[in-house]
Amino acid sequence: MFEEYTNGNLPNLKEMKAKNYDNIDASQEPDVHGIAVLTSGGDAPGMNATIRAIIRAGINSGYKMMGVTRGYHGLWKGEIKELGSRDVSETLQRGGTFLMTARSKSFETPEGVLQGAKMCQVFGVDCMVVVGGDGSFRGARDLARIGIPVIGIPGTIDNDVACTEYTIGFDTAMNTAMEAIDKLRDTASSHERCSVIEVMGRHAGYIALNVGIATGAEIILLPEQPWDINEVVRTILACRNKGKRHYIVIVAEGAGSATEIAKQIEEATEIESRPTILGHLQRGGSPTLRDRTMASLMGVHAIECIKNKKMNRLVVYKNGEITDVDIEEGLSLQKTISMEDLERSKLLT
Amino acid sequence: MFEEYTNGNLPNLKEMKAKNYDNIDASQEPDVHGIAVLTSGGDAPGMNATIRAIIRAGINSGYKMMGVTRGYHGLWKGEIKELGSRDVSETLQRGGTFLMTARSKSFETPEGVLQGAKMCQVFGVDCMVVVGGDGSFRGARDLARIGIPVIGIPGTIDNDVACTEYTIGFDTAMNTAMEAIDKLRDTASSHERCSVIEVMGRHAGYIALNVGIATGAEIILLPEQPWDINEVVRTILACRNKGKRHYIVIVAEGAGSATEIAKQIEEATEIESRPTILGHLQRGGSPTLRDRTMASLMGVHAIECIKNKKMNRLVVYKNGEITDVDIEEGLSLQKTISMEDLERSKLLT
Amino acid sequence: MFEEYTNGNLPNLKEMKAKNYDNIDASQEPDVHGIAVLTSGGDAPGMNATIRAIIRAGINSGYKMMGVTRGYHGLWKGEIKELGSRDVSETLQRGGTFLMTARSKSFETPEGVLQGAKMCQVFGVDCMVVVGGDGSFRGARDLARIGIPVIGIPGTIDNDVACTEYTIGFDTAMNTAMEAIDKLRDTASSHERCSVIEVMGRHAGYIALNVGIATGAEIILLPEQPWDINEVVRTILACRNKGKRHYIVIVAEGAGSATEIAKQIEEATEIESRPTILGHLQRGGSPTLRDRTMASLMGVHAIECIKNKKMNRLVVYKNGEITDVDIEEGLSLQKTISMEDLERSKLLT
Amino acid sequence: MFEEYTNGNLPNLKEMKAKNYDNIDASQEPDVHGIAVLTSGGDAPGMNATIRAIIRAGINSGYKMMGVTRGYHGLWKGEIKELGSRDVSETLQRGGTFLMTARSKSFETPEGVLQGAKMCQVFGVDCMVVVGGDGSFRGARDLARIGIPVIGIPGTIDNDVACTEYTIGFDTAMNTAMEAIDKLRDTASSHERCSVIEVMGRHAGYIALNVGIATGAEIILLPEQPWDINEVVRTILACRNKGKRHYIVIVAEGAGSATEIAKQIEEATEIESRPTILGHLQRGGSPTLRDRTMASLMGVHAIECIKNKKMNRLVVYKNGEITDVDIEEGLSLQKTISMEDLERSKLLT
C-alpha cells in the first residue's frame, strides 16, 4: 500500500490523507503473520504485564511475536527482535517496561512515520501493538494511515485517555501516592502540621481527586477547576475550628505548586505547613492486582482483535468491560472529570 | 406503621406480608432525622471507610448519626450510640470494622426482626444503613418489610453480591492474596516446586480467577466450574515440557482442598508440591485506594438516597458508576462469573 | 531538692551547677510512684510502640503512668494526664506519636527547665522518660540537674545519637526510602535515566549509606565525606561504559541538593537526570519489626532501670544488646560513620 | 592435596580425618583464581543479594567468578558456569535465589563430597562460597577437609546458626509474618476472636519470639520452652477480664499445632478461635533493607577473607559487626534464645 513511497519518494501526511489512506478497509488487510509490540511515552506500572500478555496470547494463537525497544525511536532505528514465551517470564510483577520507552521527535514527521513503516516491512511486522497514551496513539494512527495495521492499548498512570475509563498503571500510581500520603499524615499528625502534597497530573486531576478522597484530604486542587487560596485558607481554619489537628492538601501538578501553596497557607494561618512533591516514584513499583488483570486481559483482547481482523482499534475499558473502538474515533473524544465527586469529597471532612 | 406490634403482639412475617408491608410507599415515609449504620457478616477492608463516609456525609447533611455495634445482634440488644465527626477520625485507612460484626441467628426469626425494629424506634433510628453481603441485606429487607426504611451497601471480600459489579473489600483481599502468592512464587522458583494456594471463595471464584490472572497461575480452579485432576496434571507437565521450573495452582476454597490437590500433583508428577491456605489474612489490612474511594463514594450515595427519599435501596456499582437498585429486586438476582476470562487466562501461560 | 526555687526564685543553670546538682546521687532518690513519658524532637516510627511499652511495663510493675503531650512544650504547660493499659491499645503498629511532639525554645532557658520541673512536682511525676534524640536528651539532662530523675530512650530516624548503635525509627525510615527508590529505579530503567535521590540526614549519612548499599546505588554522597562532582560524573560514565543503562545517586540532605546535582550530571553527561526529594515521608509509616521490637524492649528496659533505682540513664543498643549509660556520659560522645562500608559499596556496582 | 583420590581411589571421610585433612593450613593454600558460589538448604530472602555481592566484589577484586546451580546437588553434577557483573543485575531486590537450591542426600557420603571436590578441580574452583545454614556449612566443612577451601555465609530465615547473631533472610521473614499478623488482628478484632498463628521455626523460636513482641501477642509459644494449655487459657481469660476483645497467640511450628491449640482454646473459653499457618510465604518476598545490607556486606567480607588468605571461615555478625570465625569452631557452638525477652514480652500485654 505504501510501496510508492519506499523508494525515497516521501509524501507528507496531508497528501496521504488526500489519497484516503486514513480509511483503511480492514477486509483488505493482508493476513497477519508477524506482530510487534512497543511501549511509548511515560512508563507505567503494568506495561510489562501488558507486553507479556500480548506476546504469550500471540504465540499461543500462532503468530510470530516481536518486541521493539525504546518506543518509536527504536522502531525507526530497527531495534526489533523476536520474543518467545520464556522471554517474558517473571515480567508480570515488575514495574516499568523492559522494552524501554522514549520520546521521539523525529517520528512526528512524515519521513519518520515512513521510516517506521519501512522497518515494519523489513522485519515482517504485519501489525503493530502500541502501549501508551494519546500521544503514542497518534503515532500509531499515523502508521495506520500509511498502511501498517495497529492496535492501541492505553497505558499511562494519568488515566487521561478520553475513549477509555481506565488506563493501565493508574491504579498502581494512585496506591503508591496514597501509601506515601498515609505516611505523611503520621508525621503531620505528630507535629500538628499541614501537609501539602503534589501528585502527578499536568492536565488531568484523576490521580489527585481519587487519592484525595482515599486519604481523607481536607482540600483537593485540580487542573480542571480554578481555585482560590483564600478559600483554601478558610477551609483549613474551619477544620481547625472543628477540632482537627492536622491537614492534608492534595494538589495535582497542573493545578499549582505544593511549595508555593504551603508557604501561602503557613503565612495566612500560622499553621506549620510542609510541601512534598511525590514525583516520579508514582511511575514505578510492582503493579497492583487491578493493573495486572487489566494489562493481561487487554493484552489478550488486542490479539483477539487481530484474530478477528479488527484492525486500527484502541482497546478500551467501557461500562465495566473491556472492548475496543476505532482509533480515529477514539482520538477525537474529549475527557471530562467528575466535579460531583469533588463536591462529594467535601462532605467527608 | 408497626406500632400495633410493639405492645407484645408479635406477628409472623407471612402475616405482615399479607398486610402488604413489603410494598412500602416511599412517599409516605416519615421525615428522617436519625440514621444508624451497622456492619454485618464477615468483615471486609473498607468497612471503616464506609462507616466514616456515612457518618460524615450524614452529619454534614443535617442528620443525627448513630452506630450499632456487633451487627444485628447488637441492634437486637440496643447497642446503639450517637457518633460525631471526630469519632470516625483516623478510621479511613484501618482494616476491619470498629463497629464490629457478628452473626445473629436470633435475628432470623420474626420476633428478632421485630425486636430490632423496636430498638430503632426506641433510639430514634428513622433509617438503617446496613453494610454487608446478601445475608445482611436479607436482614435489612426484613426490617424494611415491617416499616424501618433501610439502605444497603455491599461490603464483602468475595464480590458475590449479584446486583453489583463491585463489593467493598474485594480489591484489598485480592491484592493481599496476590502479594502473598508473589512471595510463594519466589520460594517455589528457588526450589523448582509446585505451589498450590487456597484462596477465599466458598461459592464464588472471583478472588481465585482474578488473583490467578494477576499472579500468572498455571491453573485456576473455581467452584463454578467442574475440574479434573488429570487435566491439572497434564497442564503442569505440559508447562514443564515448555521449560517452566515452577508452577502456581490457585484453588478457591469451594473448589477443592489445596492440601489434597498438592498431594495428588506430587504423586502424579513427582514434582515437589506444597499447599498454602491463605485463610483469614485476606480479610484484614489497610484498604487499597479502590476500596477507600468506593467506600467513600458509596457511603455518600447512601446519604444522597435518604435525602432524596429513595428508601429500601441497595447502593451498587454498575456499568462503571455508583447507582442504586430496589432491595427486593437486587436480592432476586443471580450472579455469574466470566468463563471467557478463565479461558483467556489459559492463553497467558 | 529544688524547693528553694519554686517560690519564684529562679536560679540559672550555672548557679545550679555550682551547687553540684549535676551530681545527683541516685541512692538518695525518693521512691518513684509516678512516671511520665514524653516524645520530643522530630517524630519517628516506633515512638508509639515505645510509649506503649513504657506505659504497660510501668503499670504491670506497679507504677502510676502518665503521658505528656507536645514534648517539653506540653510539660511546661502542664499537659499531663494518666494513661491506662487500654489507652495504648492499637498503638504498637501506628506511625508517629499520639502524644505529639514539638520544639520548644522556651525550655532551653533555666526558667523553662524549672517550670517543667515544677509541673512534674504538681502532677506527681517522680521520673520522666524522654523519647527523642540528642537535643531531647539535653533537655532531660537539664531536668536531671535540678533534681527530676530522667531516663532517655533514643528515638529518631537519623541514628545520629553517639552513645547507641541504634535509634528507634531508623530501620523504618530506611525501608521507606529503599522502597521508594526501588520504584524510582523501575522508571529510571525504562527511560535509561539517572535518578538522583535526596534522603534525610542533615549531619549524618547513616540513612544514605545503608539505603545506598541496599538499592545498589552507583554513587552515595554523605555529609561526613567531601565529594567532587567530577568524580561523580566519571563514575557514571564508567558505569555506562560497563553497559549500565540507568544510574542511582543517593545524596544525604546535608551533602548537597539533589536538584543541583541532577542538573550537573545531565549537563556533563547528556544522560537525562531527574531529582527526587523523599522528604518527610521517611518519618511516617507503620514501624518495621525491628523498630517495634527495639521500641518494646527499650521501653521495658527503661522501667527496669527505674525499678533498680538506676536513674539519669540513656537506654542504648550496644554490641548487639540493650543496655544503658549515664546521661552525661552518653551526651559527651561523638559518633562516627564507617568509611570502610562506603568503600565496600563501591565494590558492588 | 586430594589428587590421590581423583583416580577412582575413593576414601571415606574417617580415613581422611585420620590423615589430618581437617587441619588445613591456610598458609599453604594455593593462590586463588576462580571462586564459585552456591546456595543450599531452604531458600531465604537476600540470597540473591548475597550472590550479587560475592560475584561483583570478586570480579572487582580480580577473580574469575562462577555460580553453581541447585546447591550441592548441582555441584556434584557439574552445573557450574561463569558469572559476569551484568549477570547479577537486578537481583539485589529479588526474593529467592536465582542459582536455585536443593537438598542432596548423595552429597552426605564421602563419595559425594569427593565428586564435588573433583568438579571444583575440573572447573577451576579454587574456593567455594556457600550460602546457607548449619547443614550447608557441614557440607562445606566436608569439602574443606579434603582440600577445597571454603567460606560460609549464614543465609536462612530461622536465625538458628549458633556462631552468628544474624542470618540473612531473618528480618524479611519476620516482617512478612508481622504484616500478615497485622491483617489477622484486624479481622480478629472485628469479630472479637482469638487468632492462633503458626510461624516458621521447627527447632528455634527466634521468629516466634520477635514477631510475638512486634505484634503485641498475648501468648508466645516456643520450641525451647515447655508450655501448658491451661496457662494459655488462663492468660486469655485474664486478658478478657482486663477488657481485651481479641487475642493473638503466636506458636512456632516446633512448639505445637495452631489448629489444635485454637480448638483447645475455643473449647475451654468459648471464645471463637481461628488458626492460621503462615507457612512458606515467610520464605519469599523482596528482602528488607537489613537483609540487603547484611547480604551485601557479608558478601564483600567473604571476598576480603579470600584476599587475605583466611580460608575455611564462616562470615558472622557478632557484637554489632561483621567478622568471621573458623568453620569447625563455628559448627561446634550451641545457640540459645533469650528467655528474658520472653518474660519481658509478658509485661507488654
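Every chain is named by a letter (A, B, C and D) in the order it is written, and numbering of its residues begins at 1.
Please note the rule applied: contacts are C-beta pairs under 8 Å (C-beta built on N, C-alpha and C of every residue); 3 or more make two chains touch, one makes a residue touch a chain.
What you see is a predicted model, and the numbers here were worked out from it, not measured in a lab.
Student: Taking each chain's centre as the mean of its CA atoms, how far is chain C from chain D in angstrom?
Tutor: Computed from C-alpha means, the inter-chain centre distance equals 31 Å.
Student: Centroid of chain B to centroid of chain D, CA atoms only: how many Å?
Tutor: 40
Student: Indicate the whole-number Å distance between the mean C-alpha point of chain A and the mean C-alpha point of chain D.
Tutor: From the centre of chain A to the centre of chain D is 42 Å.
Student: Considering chain B alone, which of its residues make contact with at least two other chains?
Tutor: Chain B, residues with two or more chain partners: 182.
Student: So with touch defined the way it is at the top, what topology do the chains form here? Options are line, ring, star, complete, other.
Tutor: If you draw each chain as a dot and join those that touch, you get a single closed ring.
Student: What chain pairs are in touch here?
Tutor: All chain pairs meeting the touch criterion are A-B, A-C, B-D, C-D.
Student: Any idea which chain A residues touch chain C in the complex?
Tutor: Its residues touching chain C are 39, 43, 45, 47, 94-97, 100-102, 176, 180, 182-192, 195, 245, 274, 276-277, 279-285.
Student: Inside the complex, what are the residues of chain A that reach chain B?
Tutor: 52-53, 56-57, 60-61, 85-86, 89, 92-93, 165, 171, 174-175, 178, 182, 210-211, 213-216, 242-244, 286, 288-290, 292-293, 296-297, 300, 303, 318-320, 341, 344-345, 347-349
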